[in-house]
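Have a look at this one.
Labels for the chains are A, B, C and D, by order of writing; each one numbers its residues from 1.
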Amino acid sequence: MSKHDDLKHRVYECNMALPRHGIVVHNFGNASGCDRKGGVIAIKPSGVLYELLKPEDLVVLDFEGRVVEGALKPSSDTKTHLVLYNSFPKIGGVVHTHSTYAVAWAQAARPIPVLGTTHADHLHLSIPCTDFMPEDRIARDYEIETGNQIVDTLSNFAYEEVEMVLVAGHGPFSWGATPEKAVYNSMILEQLAKMALLTLQINPQAPPLPEALIQKHYRRKHGPHAYYGQDNPDAKNT
Amino acid sequence: MSKHDDLKHRVYECNMALPRHGIVVHNFGNASGCDRKGGVIAIKPSGVLYELLKPEDLVVLDFEGRVVEGALKPSSDTKTHLVLYNSFPKIGGVVHTHSTYAVAWAQAARPIPVLGTTHADHLHLSIPCTDFMPEDRIARDYEIETGNQIVDTLSNFAYEEVEMVLVAGHGPFSWGATPEKAVYNSMILEQLAKMALLTLQINPQAPPLPEALIQKHYRRKHGPHAYYGQDNPDAKNT
Amino acid sequence: MSKHDDLKHRVYECNMALPRHGIVVHNFGNASGCDRKGGVIAIKPSGVLYELLKPEDLVVLDFEGRVVEGALKPSSDTKTHLVLYNSFPKIGGVVHTHSTYAVAWAQAARPIPVLGTTHADHLHLSIPCTDFMPEDRIARDYEIETGNQIVDTLSNFAYEEVEMVLVAGHGPFSWGATPEKAVYNSMILEQLAKMALLTLQINPQAPPLPEALIQKHYRRKHGPHAYYGQDNPDAKNT
Amino acid sequence: MSKHDDLKHRVYECNMALPRHGIVVHNFGNASGCDRKGGVIAIKPSGVLYELLKPEDLVVLDFEGRVVEGALKPSSDTKTHLVLYNSFPKIGGVVHTHSTYAVAWAQAARPIPVLGTTHADHLHLSIPCTDFMPEDRIARDYEIETGNQIVDTLSNFAYEEVEMVLVAGHGPFSWGATPEKAVYNSMILEQLAKMALLTLQINPQAPPLPEALIQKHYRRKHGPHAYYGQDNPDAKNT
């Protein structure tokens, strides 16, 4: 028993949701969650297969990356997660996957334009894509620089409104107020990436969704005038 | 117990069929059904996950949209459904999804041409696509205007013969004499959308199916000379 | 009990294999098998869902299409099957599906070229595609004419070597010495159709497989010098 | 009981993993493994369905291809496997599949470029593609020549670093220090092939991953400075 058991169980469930959503293969990808009051994050251990993962395998670290609990090495992407937790003060979870269609856009080094209302239901801007990391940054601390690149790319956006990004040549990272929301964002990103690719196959000149439709759909679900879902937080709302 | 239990159970089953057919993810999409004698429709509550949905969660409304029964808020698309029920007097069910390939055509803002007999078995015309909704209509009552747009787009067709439409930039709506038929139409639309996209990838100049073949296939299954399926309504016909 | 029970059970199993292989949706498609000594064929009834189908539902007909046994109407494609049984004297089974990628090629009205050894393992020629049926033939007996079109298209080939065809704008038909082989051919055709489409997406000028490789692979599995599989017919050969 | 039972069980499990990973259909494909001390390899028998395969069906041969144990004929690709075992002295397993996307690249006769870090995590070079086999080599011993072609194509690479290849017009072969690693490589190759195809659909001019990123990702997982995964071999590392 440990005081971090709740966090570890929760982050364990988030990691196990990734293969169930079909957005990771083998041991790729990782989900983390943080307890800001407790000053810790929990993250998947490095290189462990999902089918062998247990809640007690999760590694608990403080916000400087010192291991607080856990016998295994944390994910090799841990430093990237930490940069995000330290830069985005309101997030509670981070997820990284190599999901097929999101990776295709990242490898194509293209942001995903807002082509439809499914996208606008979640964010009112293109899903941004970083530049390819230059050699000098790679030579420093690669995983920290990956985090820095994401933060730089997000500098023109509100991270609470754009909760996902493509790292050029690599793949998607997503985050959210909770680890569950970060998992959800990863799943949605893959779906948006697939729909956008298919749209451009049908019509390579497909226009972006008109701004008024983008705003209408985004505001249906976000902000003070949202009216989607249930008002009562005890209802089966999501 | 309520006098609407039968309708609620039936519409519940129709909603649950959507994830089983692979045409919705998460809590997207919604199915409704109506009881014209009873003057009510039943529809999925807003933002509820399919795996948590129960028959008693379905919301029952009259044809003006007043809630008759149910503790949860109805789907945010309810007004669109109501416009369709009020405009198409013979329909008994409406379904809206964000199924991947149908959304791709909607985002491409292109009607789906009749490229083969699978399409002609179901409808003898292209699957129409609305225009993008202009800003002034969005500013009025968006969900009512979505219904109005669909009705406008269908004005040149018989709604009993064209039971599906793409809303530009958004996704598909389908309907039918029963809620089960509306679900079936959503599933078929997704299949037709996928086949049409693949056809144009093989042959971007693929011609539409010759009109004589379209009519032959449509009339095999529809109208007074149909000879597909079983005559006896008690047979395992569909 | 009937003397046709064995045939009906066998053809039932072949029909049930179609949804399991993912090559039919809903009630589309049909498999038949024949007993040439007994002078009968068994075929799926028209418009029945696979999940409701039972062995006793299969319809038994003679080679002129007269129902010998069965309470339900036979598949609307029965006459097409009969033309094939009557024209191709060594076949024992016929399958028709609307499988996604094969339909895409049929709708594109393009034969599937021999692009690789997976194709050549099964046939040493392109998978042929009929012309679109002209209006005068449609006006006669459509299903018989579909069979005639297939037979015409096959007239330059040995039907024992080319056991599959695309009907332009419609979809695939396959056949074989047994109903099980016809099912297998439908499944393989779908796989070949998908691989061919993807190949041309990578390299629109992908050349056909060199003839020497085609012959080598085809002869490894067919004819007097075949050496693939097990010699002993009791071995687990396929 | 036989002294080769351990090897047979292990190679049996590797063969059974192929359909589970979705990289073989029907009886296509084969996995083998070798016991270099014992001087034998075990391989799938020819033409046997995976669902019927049992551990005792595996065929054991010496490195010259003489059957040591087993009642069935070995895979028709056995000689290709043997060329690889005899040419690549440190490998312990070989896998051949007709997985869909890898076959598409092989049929397109194109090497798969390094477009992203998922690729670079596994190899720092394009996945090579052989030439189409010329007629004179086909006429000799086809399966031996397939092996020779692979060895020729690999002559400019370290086979321990490039553990996969496309045979033009045919499909993928992979290998590794163990049969399990060879299976893993087949699964990864299919994923890389799919991601690369989709990337080029989004951006036909997608640039290769910058060399510094390729080296960074490859060295994270390979060689003396690797830091991915767990240090303790008893940990749940992969």
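One rule holds in what follows: a contact is a pair of C-beta atoms (placed from the backbone, for glycine too) under 8 Å apart; a residue touches a chain by one contact, two chains touch by 3 or more.
These figures come from a predicted structure and were not determined experimentally.
J.: With touch defined as above, tell me whether chain A and chain D contact each other through largely the same residue numbers, more than half shared, or through different ones.
T.: Mostly different residues form this interface, as fewer than half of the numbers used are common to both chains.
J.: For chain B and chain D, let me know how many angstrom lie between their CA-based centres, rounded off.
T.: 46
J.: Need the CA-centroid distance for the pair chain A / chain B, whole Å please.
T.: Once rounded, the distance between the two centres reads 33 Å.
J.: Where in chain D do residues touch at least two different other chains?
T.: Residues 200-201.
J.: Spell out all pairs of chains that touch, sorted by label.
T.: A-B, A-D, B-C, C-D
J.: Enumerate the contact residues on chain B facing chain A in the complex.
T.: Per the stated touch rule, the residues are 25-28, 45-49, 52-53, 57, 71-73, 76, 98, 100-101, 103-110, 132-135, 138-139, 142, 169-171, 197, 200-201.
J.: Report the residues of chain A in contact with chain B in the complex, numbered from low to high.
T.: Touch residues, chain A against chain B: 115-118, 184, 187-188, 191, 194-196, 198-203, 206-207, 209-210, 212-213, 216, 220, 227-231, 235-238.
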